[in-house]
Every structure is written in C-alpha cells, then in structure tokens.
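In what follows, chain A forms one complex with chain B and a second complex with chain C.
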Partner chain A sequence: MDFSFGVILHNLPYLIAAAKWTLLISLVGMAISIGLGVFICAARMSRARWLAAAAALYISFFRGVPLLVQLLIFFYMLPHIGLDLPAIAAAILSVGMCSAAYTAEILRGAFQTIPAGQTEAAKALGIAPASYWRRILVPQALRLGMPSLINELILLVKVSSLASVVGIGELTRVAQNITGQTYRPLEIYIAAAAIYFVINLIISQLGRLAERRMQLAGGARLGV
Partner chain B sequence: MEYELFLRYGPALLHGFGVTLLAWVVGSFGGLVLGFVIAVVYRWSGRGLRTLLQAYIELIRGTPFMIQLFILYYGGPGIGLVLSPVQAGILSFVVYGSPYFAEIFRSGFNAIPPGQIEAARCVGLTETTIMRRIILPQMLVLITAPLTNFVIILSKETAILSVVTVPELLYETQTMAAETFTYVEPFLVLSLCYWLLVIVTARLGQMVETRAMRHLKRA
Partner chain C sequence: MMMKRLTRTVAALALSIGLSGAASADQLADIKAAGKIVAATEMHFAPFDILVDGEYQGICRELFDEVAKELGVTAEYLDLPWSSVLPGLEAAKFDIVNAPVTITAERMARYSFALPMGNATVALAKKAGDSSIMAPADIAGKAVGSQKGSAQLDQLKAFSATLATPADIREYVNIDEALADLAAGRIQAVANSMPLMGYAAVQRPDTFELVMPPFGDPKYFAWVARPGDDSASLIAAINEALLKMHADGRLDAINAKWLGAAPELPVEMPAVQ
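The block that comes next holds the complex of A and B.
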C-alpha cells in the first residue's frame, strides 16, 4: 500500500470539524478543572481535618484510577442513578473531575510558594478571608501555576481522545469512522495525530505568550 | 450486587490482570531503555541529530497515546508491520514512554556538575567509564522520584490498550459487564484495583527513594 495524500486532503475538512469537539471537551474540561480544583485545593489546605482528608481522598482516587475507567464509570453510572445526561456531558465531566485533582495539586504547590508574610499582612489589615482568597491568593497562584496549568490543558487535549470510546464524534472517533469507510488507517491516523500536534503547538505557544504578559504585568517574580 | 459473578469471571479477570502487568512491566522497561539511549545519543550528538531527536520527542509527546496505538496497530499492516494486539500494545507503550523517560534522563545528566566530568576527562577516564561510574550512580538517585512517577502514569495508560482488544484487565471487565449486563459494580471494583496498584507502586517508589537518598540525609 502506498501512502496517499489524496485521502488525507479529501477527509481533512471532516477531521478539522471533529477537532472542534476535541477542543470543546478539553476547554470546558479545563474550566471545570480550574473551578473545582480551587475548591479542592482550599479543602486540602483547610485546617478542618475531615475536609482535608476528604480532599486528599478525592485527589488520590482521581489520580490513581485510569481516566478511561473513570469515563466508563461516569458513562454507565449516571443513568444508573437517574441522571440521564448525554454522553458528551459524561465525557466532559469525567475529564474535568479527573483533571481537577491534578489542578488542585498544582495550585497547592503554587500557594505554598506565596510568602506567609502576605497572609499576616492581610490579617493585620483586616481583609476578610474570602476576599483574601479571591483577590490576593488565587490570582497569584494562577500566575505561578500557569506553566503547569498550560501543561495540563495540553494533557486534556490528548486525553479527550478517550471520549471516542463512549461514541462521541471527536477527532479520534471521526478518524475511526473515516478509516472504516476508506480502509486507509495509516494516512487518516497520521493526519489526526498531526491535527492534535498542531493544536498542542498552538496552545503551548499561546501559553508562552500569556506567561510573558503576566510576568510583565506582575513585575518582579514572587516568592523569593 | 452478585458476588458469584466475580467468582465466575475470576480466572478471566486474573488473566487480564496478568496481561496488564506484562504490558506495564515490559512496556515501561522498554521505554526506559529506549529513553536512556535517546538521552545518551542526544548528549553525544551534533546539532543535526539533536534537532531530529527533539522533533521525535515533541511529536510523541504532542499526540495522544490512543492515536499512536492506532497508527501502529491499524496503520502498521499498510507498511508491512503486522502485529498482534499484545505486540502492538507493548511496542506502542515503549515508543510512547521513551520521550518522557529521555527527558527525565536528560534532566538527570544536567544535574551533574560539569566540573566533575571535566575532572574525569582530565584524569583520562573514557566516556563510557564516566557515564557508568560517575554520572549514572549520582543521577539515578536524583531521578528516582520522577521515574517512579512516570512509571505510575504508565500503569494507568495500560487501560487504553483495551481499545485494540488487548485482553488486559479493563478488556476482561468490559467483557464481563457486557455478558452479564452489570456495568456499575465491575467498573467500581476495577477502579479500586487500579487505585490499589497505584498506591502500592507509589509506596514502593517512596521506599526505593528513601533508601537511595539515605546518604544525602546526613548533612
């Protein structure tokens, strides 16, 4: 069998259309991941022992079980407990909840580098804990954790390929379907790999840009 | 929940667990060796080869494992590479892991003070002796933590092999679920198994790490 670029060119529009779903899963997953991750991180660092233990258990479970297994549990379990969500919701939710465990740990690492003097200063000034978190800690932690968070987003783009297993028409699934029609697996899967690669390249470049911007806006480095 | 199901499917699940372990151990070891070779070649090669290796690392790290597996398993026969599911699974595991291992090794190489290597060259040690007796012993201690970390990540990636019908733990569980129409319990038990595996491996890694690092703790 010779390598045929015609097959790739002919099917490229379908693959690119499917890549939108890949992006949707990873971006919404990332939003859930950060939103939930902040809370889990706060719980993990909380002084209430049971809350910290619960957060540690969450992190341990979601980091210790293959995402594919988590995805299947979500996919089969949600209807079982009466929650009839479409497959795409199960996929996004499982991706987001798994990633939240990692994000929580990234943020915890970032929080720990923020000087304790800031906490003391905020207390001395009488800033309420909630607004201290929202306006002082979280923005700094997000900036410090930026490189790791971008890394996590890239991981999510790759991991979204697992959603093909529960029948969501994202890039991998569509590549499988096209392969079924054309019997050209080598070309189609290489094209799909190239699209994933380009997406990740764009994200990492944008991330680098964002990092530079944040550093300019933030001035000196933190936590020295 | 029916426990007899697990008894009935016990042998199949156990066999699946064996395949998971096989793919994990052989795949990780192969990836480790290939990664080491890449890191060493990178260290000793010129600019052209370095760019090539860098491209390999970026390409493998920038694409999903599942797509790599599909290229190898479904696309392989197109270029005369016909593999059984298990062979394709293990081989793709080796390829997938190698760039990550290579990067860990590279960071390890960089952590050794260059003065030591210059001194070793001055006293006339060959490059292989420097690698074997000076760089490796110091470096392996430093990189135990990231190495175990990545090996743990690989243990979870074995689940993806089920997609190309490698009869590993997840595949056997899916078979059981499909034949008995019970989905939730098998997958919950399965996730507990993986969780246990990861926790045990992490503990083992920590033990190895404290043992390897004990000479550094005295300061």
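The block that comes next holds the complex of A and C.
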C-alpha cells in the first residue's frame, strides 16, 4: 500500500477552504439551535396548552424526519410554493432548526431534574419568578444539560456534510471531488477526518471549559 | 375592514406570483438581462466534468464556455451531487444542466434537450501500436474485455455475433481491471463507451489507443433545460451556438482534445426508442 503524504499536502488548501463552509454552517446552525431551542423548550413547558402542543409538534416533526429529507424539502420543494432560499440559507436553517428540536428536549430534561422543592422554597422566600428563573433555574439547567448539549453540537458539525446535496462545497463534498480526480480516497478522506476531528476537539474542549466555569460560578452563587 | 385587508393581501400575493411568472416567461431574455447563465453539473465525471486543483475542467466546461460566449453572457458553474442535479433544475435553482445527460425517451418526455454534444456509443481501446486491429470488425477471434452487467457488454456481444469468427469475450467487474489486462497483454481490446476509452488513451498514450469508429446502437449525451415554452428560446440559442461550433470545428476540436478523436455528432435531434 503506497500512502502519499504529498497528495494530502497538495490538496490541503482546498480541504481547509471547504472546512470554512463546514464551520459557517455549524456555527450559525449552533446559534439557531440554542436560541430557538430555548424558545421551543419554554413553549413546550408552557401552561398554555396550544403553545405546548405546537412545540411538541415542532419537535416530533424535526426529530422524526431525516435531516437529508428536510434539506431536500427546504431547497427543492419550497421554490414550488414561491419560497426560494439560497443554498447556504437552506442548509443553515435546516441544520439549525432540526438541532433546535433536540436542544429543546435536552433543556426540558434538565429543567425536570431540578427538584420541585426549589420552586416551593423560592416562593416561600418571596423571590420574584423572573429572578428565580434567571438566577436559580437556568444556571442549573444549563449545567445539567451541558454534556448533552456539547454532544448535540458535535453531531451538528458532522451532519453539516449533508449540505453537499444542495450544492455547498463543504468538507465532505470537496473531499469526494478531489478523490474523483486524484483516485486517492484513503489519503483524502483521512485528511478530511482529521479536520473534522480537530473542529470537534475544539468544541469539546470549550464545552469542558464552560462546564468547569459554570460549576465554579454556580456553586458560589448557590452557596454550595 | 377585515374583508378589505384580506382582499388587499390576496391582491398583493397574486401580484407577486404574477411578477415571478412574468420574470421567467422567456428564460433567454432573463439570462441576457442578467449577463450570466448558471449551469450545474456534477464535477465528478471525467473527461466531461472534473475538478483539478479546485478548478472546473473537462469537455463540458470548454464547450459551455464557448456557448456562453456565443450567447454573449458569462457562464457560472455549480457542482451538485448527481441526485440533486435534475431536482435542482426543476426547482429553477439554475438555468441549465451542462452535464453529459444520456438522451432517453423518458427524459425527453420530462426535459428539453439541446443538440447532442457527446457520443456515448461503444468503442474499443487497443494496445498502442497494435496494427492487427484497425476497425471494430478486426476483433474477430480475439480476446476482448468488457464490464459485467453493462449495456456496453450487450452491445459487444451483439456485434461479435455478426462477425465470421466471434470474439472471445471476457467479463470484468470493473473496467479498470480490463484495461490492466489489456496493458499486460492478456486481452487484445477493451469495449466501453467511447469517451471512457478515448480518455484512457489520452491519459496513457504509450499504453492504449482508441479504435474508431464506435459500433452498435448510437447513444448521445446532451445538456438539458426545463421543459416548456419558457426555455424554448434558450434551447434554440444554444442549438444555434452548437451548430456554429459544428461548422467552424470547435466542437470536434474540444472533443478530440480530451478523447483523442472526434466522435460523430448529429446536427439534429436523434430519434430515441
């Protein structure tokens, strides 16, 4: 087996240029996932029944339909009803909106593990609901949900490869194209795998850092 | 009040639909107004569409550049996985597919084809300098490789049966293995579609040589646009450009550059079964 590092070095600039698309989709997708996820989680836990039902419907649709199919619908079917999204917008939106469904459920799970006694105690102490949420519930939920959230964000980076079906030259697509021309799949896919690995290593390290900081800050605030 | 607002919304909606309808009534006029034509293909099919160091190259690129020049617009190229190319065309994500699409009756019914720009008929590759095979009929009695389960193999079998001494046909899982056996001298020729055989000969001129002409049922490659009246003027303009390139030799020259020989290309739409 001849393994050529030369092929990797020669094509690395193209792979890195493609990884910028992967990063763009992932980072904006994450922002949508968390922003929208918090909102959907709140709706899902709302006492207003129609709101909770709408959130449940959203979650079951985006969780229940393969992301690839969602992406094809966003890009190729919406123009038929007059809604024409650019490829990159379709990719980011579908990745972000799908991930938001999971984020919402991760957060809901985290909220539910906080003992109801805390709510009663907060009421008894006369803490205003707004500051109870902001200072007691949300920091705990974030801390409890953090490992699963990091998991979800890493998954999101990996599913960004699906954006190739709408014509985005992200990392996986460009690796495929280079393979088609160099006939060196092993080298090229190993290089692509290494780039994905580095991106996700950074995310998991940032996540670990965030977990540690929250533990310190949360601990101090709660007087533990 | 409520009713009035509703009517206004409906009117605005109808207007916007009407406008978008009007904007695509004549695709050629839109393209000329924009000064560019957006073409999509999968850049993963040598020698027609390939990416070399991030740059799009190949027969379709060079031919389409010339066509765009004739139309007086610049060409912009998109790379899509093949499964997304025809859906993208239908969703009007780009103007035309400049991939080598094999002309079939089913596709004819669904899309508008331009004139053929490539020939996909079966042709032979022989060892470079082998003077015993100068025409397809010379394979009589010789060992010829082809790909198992391929349409080209059926064409080869049918052709071989018409010869006085049939060829000794060997079936390979992969056409590269057949070419390797040809290079090693185990077989005397390989049969597959003309562009693949020609490209192999151009890539390795010391080892392989293309045998012209192709044989069997003729098959052609062409570009496709959306069906209907909107694209009629675009297809007509592209055909006019292709005919001009037929006449001044550009079409043959670009094909020959990549395939080693210029295939026969019809100047009118071929009939398909």
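Points to keep in mind about this one:
In this section, the second predicted complex is superposed on the first by the 190 of 224 C-alpha atoms of A that agree within 3 Å, B and C clash if a C-alpha of one lies under 4 Å from a C-alpha of the other, contacts with A are read in each partner's own complex, and residues count from 1 in each chain.
To be clear about the criterion, contacts are C-beta pairs under 8 Å (C-beta built on N, C-alpha and C of every residue); 3 or more make two chains touch, one makes a residue touch a chain.
Computed from a prediction, not measured in an experiment: that's the story for all the values here.
In the superposed three-chain model, the partner touching more residues of chain A is B, compared with the other of chain B and chain C. In the superposition on chain A, A:Gln181 contacts chain C only, with no contact to chain B.
With both structures placed on the common chain, the touch criterion links A:Ile190 to chain B but leaves chain C unconnected. Look at A:Tyr14: by the touch rule set out above, it reaches chain C but stays clear of chain B. Contact with neither chain B nor chain C is seen for A:Gly126 once the two complexes are overlaid on the shared chain. Contact with both chain B and chain C is seen for A:Val165 once the two complexes are overlaid on the shared chain. When the shared chain is aligned, no partner comes close enough to touch A:Gly117: not chain B, not chain C. Residue contacts after overlaying the shared chain place A:Tyr76 against chain B and chain C alike.
After overlaying the two complexes on the shared chain, residue contacts for A:Pro66 are found with chain B alone; chain C is out of touch.
Using the contact criterion defined above for the overlaid structures, shared-chain residue A:Asn200 touches chain B, although it does not reach chain C.
Touched by chain B in one complex and by chain C in the other are residues 72, 76-77, 80, 164-165, 176 of chain A.
Touching chain B in their complex are the following residues of chain A: 1, 60-61, 63-70, 72-73, 76-77, 80, 154, 157-162, 164-165, 172, 175-176, 179, 184-187, 189-190, 192-193, 196-197, 200-201. Touching chain A in their complex are the following residues of chain B: 58-59, 62-68, 70-71, 74-76, 78-79, 156-160, 162-163, 170, 174, 177, 183-184, 187-188, 190-191, 194-195, 198-199.
The touching residues of chain A, when paired with chain C in their complex, are 10-11, 14, 17, 72, 75-77, 79-80, 82, 84, 87, 164-167, 169, 173, 176-178, 180-181. Every residue of chain C that touches chain A in the complex is listed here, in rising order: 16-17, 20, 40, 43-46, 50-54, 78-81, 83-84, 87-88, 90-93.
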